[in-house]
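One chain, chain A, appears in both complexes that follow, with chain B as partner in the first and chain C in the second.
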Partner chain A sequence: MFANPMILFIQVMNSLSLAMNLFIIAAGLTLIFGVLRIVNFAHGAFYMVGAYVALSILRVTGDSNLGFLLGVLGAGALMGAMAFVVERGLLSRLYDKEHMLQLLFTFALVLVIKDLVKMIWGSGQYSIGAPPFLRGAVNLGISPYPKYALFLCVMGPIIAVAIWFFMERTRWGRILRAAREDRVMLNALGTDVKLVYSGVFVTGAALAAMGGALAAPRSAVDPGMDSLVIIDAFIIVIIGGLGSLLGSFVGALILGFLTVMGSIYLKEWVIVASYVMMVVILLVRPWGLFGKADEERH
Partner chain B sequence: MTSRPQLIFLACLFLALLAVPFLGSRYLTELAVQVMIFSLLALSLNILVGHIGLVSFGHAAFFAIGGYATAFFLTRWQLPLAAAMPMAVLLAAAFALVIGVLCVRLKAIYFAMLTLAFSMLVWGIIIKWKPVTGGDDGFVGITLPGMLASPQSFYWFVLAVVGASTALMWLLSKSTMGQIFVAIRENETRASFLGVNVRQMQLIGFVLAALFAAIAGSLMAMYLRGMYPQSAFWTQSGHIVISVLLGGVHSFVGPILGASLLYLLEVTIHQYTQYWPLVMGLILLLVVLVLPEGLIELFRKLYARLGRK
Partner chain C sequence: MTYRKAMKSCALALGTAVLATAAMAQDGPIKVGVILPMSGGGAYVGEGIYAGVDLAVKQVNEAGGVLGRPLQVLLRDEQLRPDVSTAAMRELITLEGVQHFIGPATSATSLANSQIAREEKVVNISPSAKTEALTAGDNLHDYIFQLAPTTDVDGVRTVEVLRGMGTESICFTGFDYAYTHDWFAAIRANMGDITEAGEFLVPMNATDFSATITQLLSSDCDTIVGTQYGGSFIAFVKQATPFGLFESKKVLWGSNTGDHAVAAALGAELPGGLWASAADVWYYEGEDSHAAYQQALAAHQGRKETDMWPITGYNAVKFLTAAIEAAGTTEPTAVAAALDGLTIQTPLGEITIDPETNRANSPEFYGRFEPQEGSDVARMTDLRLVR
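Coming up: the complex of A and B.
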């Protein structure tokens, strides 16, 4: 592979494009864990809903650039709205309960959402085409490369920088970071922590749904698409450190490269390699590459 | 819950199960077999969740290992059942020993994540190691020993194995070790101050839980005459946790109630709609939000009221 720069280039680009797609999903998961301290099993289901909502929006608008944009934003907006209802109505009652109940709550959401998706859209497999302006390939000097995959490579860092800017440079971001450190103190200082929690859950869910909508043109849309994506997202946030945004960016890159490059050498066994990596990280550095070691480990 | 009502319940349950084959319904017999296997599986997880207070999200791995190993030993190596089943269970226990040593070093969410990672690893290997496991299609066509071929005799076999396992787990929960488990659950630090080797006890619990899960897996493989990769997937582990929680973790019989109810509901609801997971999800939401102590709580209240009269 390394003898042929063209193939190497394409493999590197494929790794990046997969990594950035996974990052968009994992970012929401790590955001929710960082602030709410909840491991959201339903994150894959949110991702799936995003893909289906985009599919339906595209059916109405027809195959156009604007339709694709509306599909992605609409997926985020609709999932965000649903997440708001779920968080305010149900999840918020569990914040002071045991971890296991919160975990099972999100597991229940998986079961419910999966069947609702089957009811609404059926069990068949769909596909979404890339928007017209991202079809075909563009010549990158070394080799032509599909525009849509390139688009994902660009979108990942843009979203990463946007979240970083929001977290580190805005007033709202400061409140979120404070909520991550000490929710009781933040509440005592007069911030409406409940609102913060809702905001985080909604943002995380919207990110997952937009990730799903963006992933749709490169994979099939079917009711089983969530169950392995959630494990990939878990692997990423574990590598990077639960709650760390930078960590999930790096984790996504590692998993992206492992999956694409690894499949050349390991063939289909690459899926096992990614689980081995998750195990190894948890054993050696349970708080991940960018998490804090001194943090209470629960 | 106190011991006596639970023992009475277990005794009644056992007597009822003794009567099942004489009702003459093959459907009922098969239903009871599955309910027993799922109850055993839920009971095994409760050693970890209820007694020691560790929530494993990868318990299905040991169920799957037990099942696949039994299938392999019986069919490929043509071993007699008396060798195949104990070997399969011991193999799962050996895996649990290695995995457990690594897992008990972590707490709460990290423990759950590591058990999840290991079970997905097992799932990945099952999917890809086609020559041994049959891959995606599962391990089909298990040769059963002749004496278990009829549904009747298989029923007695399952009842004997599940009954003995349950009795062992009951004795375990009442033993000194069981008391130590509960002490760890209630306050790990205090338990270690009292001289309990917390990690070691957690490991013993982990292996025991895996051992009984493997027995359940072994029975399931023989019942289905096959074993499928889905049995190790994370959703399967989730279902076991649900059964335990639905019944109630802080009692011995809770998981039996949970697993039985869940399975019987599944069978019933499947007759009307394909959307059983939706119903199960809604039940789970209800339990999590309204009845976090599980169904056993209802019985406890009822018992307390009866006792007062």
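Coming up: the complex of A and C.
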């Protein structure tokens, strides 16, 4: 492969495209953990709902660029609204409870959402096409490359920069960071922490749903799509560091390259490579590559 | 009442209850355990097979049942997991007294459940598992029966199709699991002067195929033979199309990708010219029995364009009921003996279970997908029913 620059280039692009697709999904997971300190097992289910909602919107609007845009935004909006109801009505009652209860709650949410999806959309498989302007390939000089995969390569950094800007350069971002560090103090200072938590959960869920809608043109929309992606998302946030946006970005890049290049060089061993890498990183830095150790937090 | 009298009364009541229960079991419905994936990514397969089971059971019961007794289906979700599948089978045997089983759906779960059928001496008809291992060597026993064409049979049939396509060299790709290895081995054993240009496997349940697609494009083969199935096949097509893979190579796909459900899911995205196989296609017009079956299935499911999986469950029930009739009893050992060498009339003609291998000679469709005028859903053309 290294002897052929064109193939090397395509495989690097493939790695980047997969990595950015994964980052978009993992970003919401790390955001929710970073502020709420909840490991959200339902994140994959939110991703699945996003793909199904986009499918329904596209059935109404027809196959068009605008329809696809509405599908992605609609998936985020609807999932966000659902997440608000879930967070205010149920999850918020568990913030002061032990972690096991929170884990069980998000796991129960997975089961409920899966059954709801089956009731609404059935158990069949569906497909969403790429929007017309992103179909086919574009010539990048060295080789043609699929436009939609390239689009994902661009969307990942855009979303990363947008979240970073929001977190680091806006007043709301400062409040979120404060909530992450000491929510009792923040509450005492007069900030509505409940609203902050709701906003974070809604944003994380919306990101997952938009990730599902954006991933759909490269995959099938079916009732099993959540269980495949949630494993990758957890690997990314664990190796990157729970709650670290930069960590998730780097973790997604590592997993993307490992998956694509590993399938060429590691063959059947690629299936364990990501887990081995996660174990090694956790042994050396239990808090992940860009996470903070507990003693660093205080 | 003395203590002794009370004990006698209790014993009498217990004995009466046991006898009454036994009598009811003889006269009551014949329980059939149906274990299929009914949730997650495999649900479309399980629901399809179950639709065929349900239709056949309805027909049998409307015709007076078997040995004068109705069939009663007890359905369990195997979740594509051998541990869940075997637990469901044990539960049905222990708590429900089930002695006849249809399912599970996949090779992995079927292999696991077959061992329980051997231990518990209950009849197990596998409607859809294709792996040779299910009925080969030490795994073959008196109570397991395999209806789907096995990979060695598929290998011979596939090479015939490849020769018709004018294939000179092959690249193999697919999930790294038993079906892939067995089918590819069977093709290699039969392909004669057709050469192999490479094998590019991906881990089970992988969702990104971009690296493999690039390898296939740069390989020196004129035909690609693949095995990703269901949603993974859909993902492969969507990722490979922008690379122009289907314009630059001929493609033949296993794993029942000729199923109408796959074509319907992909719609206009399904590349024309792709060769595939299927257990059934609703638009086949070859035999009256098939037309009658499709009409009944369409009425049962409320749609004319049905999928391929129902016929596998339908035939499984037909084999089971024919064997019970032939045995004149529901006793599993007698029913299993009756299944050996049994021939039944199915929607696709006569099918026989080989008494030596416990495998049925089920036919399969092969064809080439082409777009249809006035429809977004492609159909297989040049359709051939291979026996």
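The rule we apply is simple: the second predicted complex is superposed on the first by the 291 of 298 C-alpha atoms of A that agree within 3 Å, B and C clash if a C-alpha of one lies under 4 Å from a C-alpha of the other, contacts with A are read in each partner's own complex, and residues count from 1 in each chain.
Just so we're on the same page, contacts are C-beta pairs under 8 Å (C-beta built on N, C-alpha and C of every residue); 3 or more make two chains touch, one makes a residue touch a chain.
It should be emphasised that the depicted structure is a prediction, and the values quoted were computed from it without experimental measurement.
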{"item": "Room on chain A for both chain B and chain C (clash or fit)", "value": "clash"}
{"item": "First (chain B), second (chain C), both or neither touched by A:L73", "value": "neither"}
{"item": "Contacts of A:T259 with chain B and chain C, given as first, second, both or neither", "value": "second"}
{"item": "Partner chain in contact with A:S227 - chain B first, chain C second, else both or neither", "value": "both"}
{"item": "Partner chain(s) touched by A:P217 [first = chain B, second = chain C, both, neither]", "value": "second"}
{"item": "Touched partner set for A:E268, first chain B, second chain C, both or neither", "value": "both"}
{"item": "Which superposed partner A:I10 touches (first chain B, second chain C, both, neither)", "value": "second"}
{"item": "First (chain B), second (chain C), both or neither touched by A:A108", "value": "first"}
{"item": "Contacts of A:M119 with chain B and chain C, given as first, second, both or neither", "value": "first"}
{"item": "Contacts of A:P146 with chain B and chain C, given as first, second, both or neither", "value": "second"}
{"item": "Stretch in clash, chain C with chain B, out of 3-11, 57-65, 111-119 or 255-263", "value": "111-119"}
{"item": "Intersection of the chain A residues that touch chain B with those that touch chain C", "value": "114, 118, 227, 268, 271"}
{"item": "Touching residues on chain B, where the partner in the complex is chain A", "value": "49, 55, 57, 102, 105-110, 112-114, 116-118, 120-121, 124-125, 127-128, 233-235, 238, 241-242, 245, 275, 277-278, 280-282, 284-285, 288-289, 292"}
{"item": "Chain C contact footprint on chain A (complex, rising order)", "value": "4, 7, 10-11, 14, 17-18, 114, 118, 123-127, 129-130, 135-137, 144, 146-149, 217-220, 222-225, 227-229, 259-261, 263-264, 267-268, 270-271"}
{"item": "Complex contacts: residues of chain C adjacent to chain A", "value": "38-44, 46-47, 176, 201-208, 210-212, 214-215, 218, 230-232, 234-235, 238-239, 242-244, 261-262, 265-269"}
{"item": "Residues of chain A defined as touching chain B within the complex", "value": "39, 41, 90, 93-94, 97-101, 103-105, 107-112, 114-116, 118-119, 227, 231, 234-235, 238, 242, 268-269, 271-272, 275-276, 278-279, 282-283, 286, 297-298"}
